[in-house]
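Listed next: structures, encoded as structure tokens.
Same chain, two partners: chain A is paired with chain B first, then with chain C.
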Partner chain A sequence: MADKGKKKRYALVLDSKKCMNCKACVVACKAENGVPVGKFRNWIDEEKRGSYPRLLMTFDPGQCMQCENPSCVRVCPTGASWQRPDGIVLINYSECIGCRYCMIACPYDARYFREDLGVVDKCTFCVQRVDRGQLPACVETCPSKVRVFGDLDDPNGELQDLLSTRRYLVKKPETGNGPQLYYLL
Partner chain B sequence: MKTIEWGILIVNYLFLGGLSAGIFFVSALATYLQEDGQPAYPRIARYGAMMAPWPVALGSFLLIFDLGNWYRFYKLFLHFRWESPMSIGSWLLLVFTGITFAAFYAWLPEEARHRLFAWLPKRLAFLKRFDLDLSSWRRPLAMLGFPFSIGVGIYTGVLLGAVQSRPFWNTNLVAQMFLFSALSTGTAALILALSINRKSLDFKQIRFLYTLDICFITLEFFIVLPYLIHGELSVRAVQEALKLILGGPYTVAFWLFFMGMGLLLPLFVELWEMKPVLLARATMHHNKVLAAGAAFLVLTGGYLLRYIFVYAGQMSSFR
Partner chain C sequence: MERTLMDRRTFVQVTASGAAAAALASQLGCLKHFEKGKGGTEARELVVPTTCEVCPNKCSVLAVVDDGVIHKLNPNPESPRSRGMLCARGNAAVKQVYDPDRLKQPLIRAGARGEGKWRPVSWEEAWDYTAKKLSEIKSKYGPQGTVWSSTEGFQEVFFKNCGLAFGSPNIVRHPTLCLASVNLAYSATFGTVPAFDLVNADYVIMSGANRFEAIIIPDTMDLIGSVMLKKAKLVYLDPRFTVTASKADTWFPIRPGTDMAFILGMLNVIVGQGIYDKDFVAGYTTGFDKLQEHVQKYTPDWAEKETGIPAKEIIRVAHEFAAAAPRACYYSGRRSSWYQNDFQMRRAQAILNAVVGNWDREGGMVPNASIPMGEYLFMPWDDPTASRVDEIDKTFPLAAKGDGAYLKLRENVLSGQPYPVKGWMVYKQDPMNALPEQAKTLKMIDQMDFVAVIDFQMSDTAWYADVILPESHYLERTDPMEMMPGIWPAIVYRQQVVKPVYNTKPNLEIIQGLAKRLQISDYFDYTIDDWVKAQAKDIPVQNAFDYLQKHGVVVTPGFPKYGKTLKGDYRFITKSGKVELSSDRLQESGYDPLPVYKPPTEPQAGQFRMILGRRAYYTHANNTNNPWLHEFDPQNHLWVNPEPAQRMGIRTGDLLEVSSRAGTVRIKAHVTDEIRPDCVFMLHGFGKHSRWQKLAYDNGACDAQVLETSWDQVSGNAAFHETFVTIRKV
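Then we have the complex of A and B:
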């Protein structure tokens, strides 16, 4: 992540089967980004199935998908929601008027409204850390190594390894947003 | 986190914006159509011009009030983003509101205009030079306003329809549905205005409004119907979204109060009132109570349509 100038495409690969719902990622995110009480930039969905003794319980981490073709950016009337060349979707707080159209347009319901500032907010892939060459807080803290963060355009990177040797899915591809969170099967 | 972000203020705005668009459209039509060089339906033209600016002005105020940072609303007009229906809509709204106020001024009777300027404090006396007779502008303003009234009427639907993530909205029929509903509520507001007036109903003018409203309601009905059929024959996400009005929480509101009392009942009443004309026999009923009742039902139906769509749409999503 050090060589500047080269084209990058940040993405996140998740191996949900390793997730044990400890919510360290949620806490780390809140601490790193000062997310207000009651609001979340990331979360873990829980699904229970079957009845004793045939049971299944799965955990599914979710957050902003940092889409290739984000509808939140498209619908924003002031251009406050924008996308960096490396794919990270951000919000320019001073341009945000708080109309919340982007929240409605997000198929993943990944955005939340900050009543105190009157603006919309969401996961930023921890740009402040990534730009220093660090990993996002959720990735760094995850004790069971569910999350792998990296550059999709790096041919020797870990993401290319995983995505070319493992089967994966993306969520709600039918909305055409091109989500960049890859869930390993 | 799934939350309802657009609430009752947005419902009110969508209704009021559409109402103004409809009133202005009908008033402009009544101004444009002439007989012997005079507007063919002068009362409709004048009432419409007097009524049109207020709902949209109030609606825009509500819209701004709904923002997280209301004082930043001016930023909408520092950008033009053609991909964002809200950006296009706010520009349309700005121009349309300007035209409605200009038309209002052009239709203001001379005495009223003089009285208005008489209220000015001495320091603002120089504004009296604007005490002009603009009655020759009425027709050009009407024609200029046509595309903008249609634009404002239809954009409220585009605003909702252009969102891929909400299958309840994401169809090209919502825009047309909102447009015809807007035109119909505008016509109804004018019927209401004519019928609560002390003057007796003018046969020619009320017939014009009934004819328009019957057309608009019929068009609306034949857009709601394909919306339902199309949705049921669409992908699973749309079928699931339609369950909100087909067995879900908005079923009664949609079928009984919108479809039944807000659309078909007033259509029936208006057809009943037009029966003598349609059957080419005898005279109109001239029944003010029926006229006002039908108009009231149309207005309620239009409001409910917005309410149901705003809320149900936000509850729908892909799995």
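Then we have the complex of A and C:
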């Protein structure tokens, strides 16, 4: 995350099999970003199948996909939703009028409305941390290290390493949004 | 599930009421960073390394302080124990500091006990009153007329020492509600309690130690890594389908109370077929011939009948375990004991580990290493002259005497035998929730002339106390350093991150104020600085004190280290100097020298066995009131398998009455396949009495009201799985 100048593309690779549903990522996000109780910038969905004693339980961490081609940005009437050159999609709260078109446009259900501020909010990859060379709070705090954060454009980075050696999927590729959360299989 | 489009990520409608204004302001401040074209690169903060206290793990933390307010707790990557993580509870500790419902000043009860009427008082008045009450009890019943109970923590030592210096032998700590049976069983076998090298193990068996929901560092992180990368195999036995069960290669929903039969069945195969580590057994153990004879009758077919696990599976696991050894562990677990034979069940595990030769080997069990640390030498007092009220010497001759036997202590206090106890001092513990059979704990409080509680929040026990002495939160105080023994030993330091937000004090200062009035202040004539500087003296790093202030944790090179004890002349700290497969010491004390299986009591028709367990985001009964954690499980439910549920017409959400001989509670049903049909389960820490825990007060049900009093015969550890309940729709 050093040498400025060079083009970056931030992304997240997740190994959901390692997720224990311990919620450390959710609370770390809440603390770091002041997310109100009852609202979530990130979450863990559970899938349960089978009947006793043949059972399956898997966990699926989710948050804003920081899309390549974000529909939330396209529909924003004021330009409050915008994208940085490194791919991080942000909301300029002073320009957000709370119309919530972006929430409807997001295929991933990743945005929520903050009644207290009258604005829409979502995961920012903890840009305030990333810009100082730190990891997003959810990535850093995870006990089982489900998430790997980094620069997709770094040919020697951990992300390229994982994505070229492991099978993975992205969610709802058919939307054309180009989601930048890669789920290892 | 139908969710509205407008606000689809709002799962729970709870208003943000918790945060103090200052904390909220700091959190909102971070929104500033996202203005277009601006990066949030200004250095805004101070980072203070410290040590978490939300559970007993002691993870290393970097506290980020923004303008005098704690903004965020980050994991400290320097700790080899917490391995660069901080769990949900650790992250939520910020919320405790700024919790408007926490204890803010000393209180003296103004109404009846439990009525919730309090008079805020000065520290001087609280100390004077406490000292007066304790002195009255002392003059009437002697110092032994008081019991001093506490749970583990870096400042527990001052509380315990105050009790002893006051002259009471009745110090009762957490182990007999916790891991006393495990500790005693491994000590009886190896002379020490080892750690398990899960990061290097190839094969791990766990009985009910739900490591992926009950986080223990570094075990949880090490195991999830190995298991999910398919480096290690995990075999897991639990009547409940936990997260650990879901990640295991094999999950056996074992018939509760029969784990020992599974282990003995494995021993029968491994010993009988000669696939044990013959060199280790010959060189380092004693009693193998007796073991060989003892396990003959415990065939896999016999074990199948007891456990419900097919004999061929027991044989398969035994073969795989022996083949993977020494990189194979039957993990000891670290949780409260379950049955009255818990010690012997843990002994069977220890013996199984011993015969496959995983002792002191990479991927096996490793005796704990340590790092030298200094000690503050305080003035010693005369040992209390009275004998303990729990009669531990007589009842549990092999148990750790200094920690006491909690449930036996409560029985004896209630009976007034061998002598009356009329004062109860409590530090950082909530016996109302931690002990089974809450009605008895309430009776114990009732028959006390005086109860005082030191805590940072209004626990249920505090709610019934006469005096509350509010302790500063861990982020507001400096504590003694702690050496954490293990495969990766570390010394950790907890230092003050912010000044106390309210009129609270660190435990040492609370004790000093009390000691002065009890005329025992000479024994507490030091500051926390004197104490930690003395500890820092022998730590083998340059300027250890400064180093710990800067780093929060000391690690020394050379770990992990294997095989230190694998030398022909090494003497184990046991009677024979060897690993004791068969134990003469046990026999001499009147116990079985080898684990003898006794089938568990069977539930009668219509009864269910109540079992306990954890969630990763709650520690005991401690943080169900934290809004950042409470929202994951806003209420507890009774887990019931669909088979009996259907039979009884129970559906999820139905209100049930759950009754045992200990008591009755009402709780909503959660019909789930994730539990055996003969068991029920509820999460701990709900149904609180304390109105100052708004989210947990009268919400769901309290398991302690239903659990019956029962203990392990050898260690005196509370046996939490011996309760049968009936359930009824209301």
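Simple rule for what comes next: the second predicted complex is superposed on the first by the 185 of 185 C-alpha atoms of A that agree within 3 Å, B and C clash if a C-alpha of one lies under 4 Å from a C-alpha of the other, contacts with A are read in each partner's own complex, and residues count from 1 in each chain.
As a convention for this text, contacts are C-beta pairs under 8 Å (C-beta built on N, C-alpha and C of every residue); 3 or more make two chains touch, one makes a residue touch a chain.
Just so it is clear, the structure is predicted and the values come from calculations on it, not from any experiment.
**Student:** Have a look and say if chain B or chain C is in touch with more residues of chain A.
**Tutor:** C
**Student:** After the superposition on A, what does A:P53 contact: first (chain B), second (chain C), both or neither?
**Tutor:** The answer is second: A:P53 touches chain C but not chain B.
**Student:** Is A:D131 touching anything from chain B or chain C once the two structures are fitted on A? First, second, both or neither.
**Tutor:** Second partner only.
**Student:** Report for A:I104: first if it touches chain B alone, second if chain C alone, otherwise both or neither.
**Tutor:** A:I104 contacts both chain B and chain C.
**Student:** Name the contact category of A:S71: first (chain B only), second (chain C only), both, or neither.
**Tutor:** first
**Student:** Touch test for A:G176: chain B only (first), chain C only (second), both, or neither?
**Tutor:** Only chain B; A:G176 stays clear of chain C.
**Student:** For A:F40 in the superposed arrangement: first (chain B), second (chain C), both or neither?
**Tutor:** A:F40 contacts both chain B and chain C.
**Student:** Identify the partner contact of A:N92: answer first if only chain B is touched, second if only chain C is, both if each is, neither if none is.
**Tutor:** It touches chain C, and chain B stays clear.
**Student:** Return first, second, both or neither, reflecting whether A:F113 touches chain B, chain C, both chains, or no partner chain.
**Tutor:** In the superposition, A:F113 contacts both chain B and chain C.
**Student:** Let me test your reading of the model: by the given contact rule, A:M20 touches which partner, first (chain B), second (chain C), both or neither?
**Tutor:** After superposing on A, A:M20 lies in contact with chain C but is clear of chain B.
**Student:** If you lay the two complexes on top of each other, which residues of chain A touch chain B in one and chain C in the other?
**Tutor:** 39-40, 43, 95, 100, 103-104, 109, 112-113, 117.
**Student:** What residues of chain A sit close enough to touch chain B in their complex?
**Tutor:** That would be residues 39-40, 43, 71, 74-79, 95-101, 103-107, 109, 112-115, 117-120, 172, 174-177 of chain A.
**Student:** State the interface residues of chain B toward chain A in the complex, per the touch definition above.
**Tutor:** By the definition above, chain B touches chain A via 1-3, 5-6, 66-69, 72-73, 75-76, 78-79, 81, 83-87, 90, 162-166, 235, 237, 314, 317-319.
**Student:** Would you mind writing out the residues of chain A in touch with chain C in their complex?
**Tutor:** 15, 17-18, 20-24, 26-28, 30-34, 36-40, 43, 48, 50-53, 55-58, 82, 90-95, 100, 103-104, 109-113, 116-117, 124, 127-128, 131-132, 137, 140-145
**Student:** For chain C, which residues count as touching chain A in their complex?
**Tutor:** 5-16, 18, 24, 26-28, 30-31, 33-36, 39-41, 71-75, 83-92, 94-95, 212-213, 215, 220-221, 224-225, 228, 241, 243, 245-247, 251, 253, 616-617, 627-629, 631-632, 641-643, 673-677
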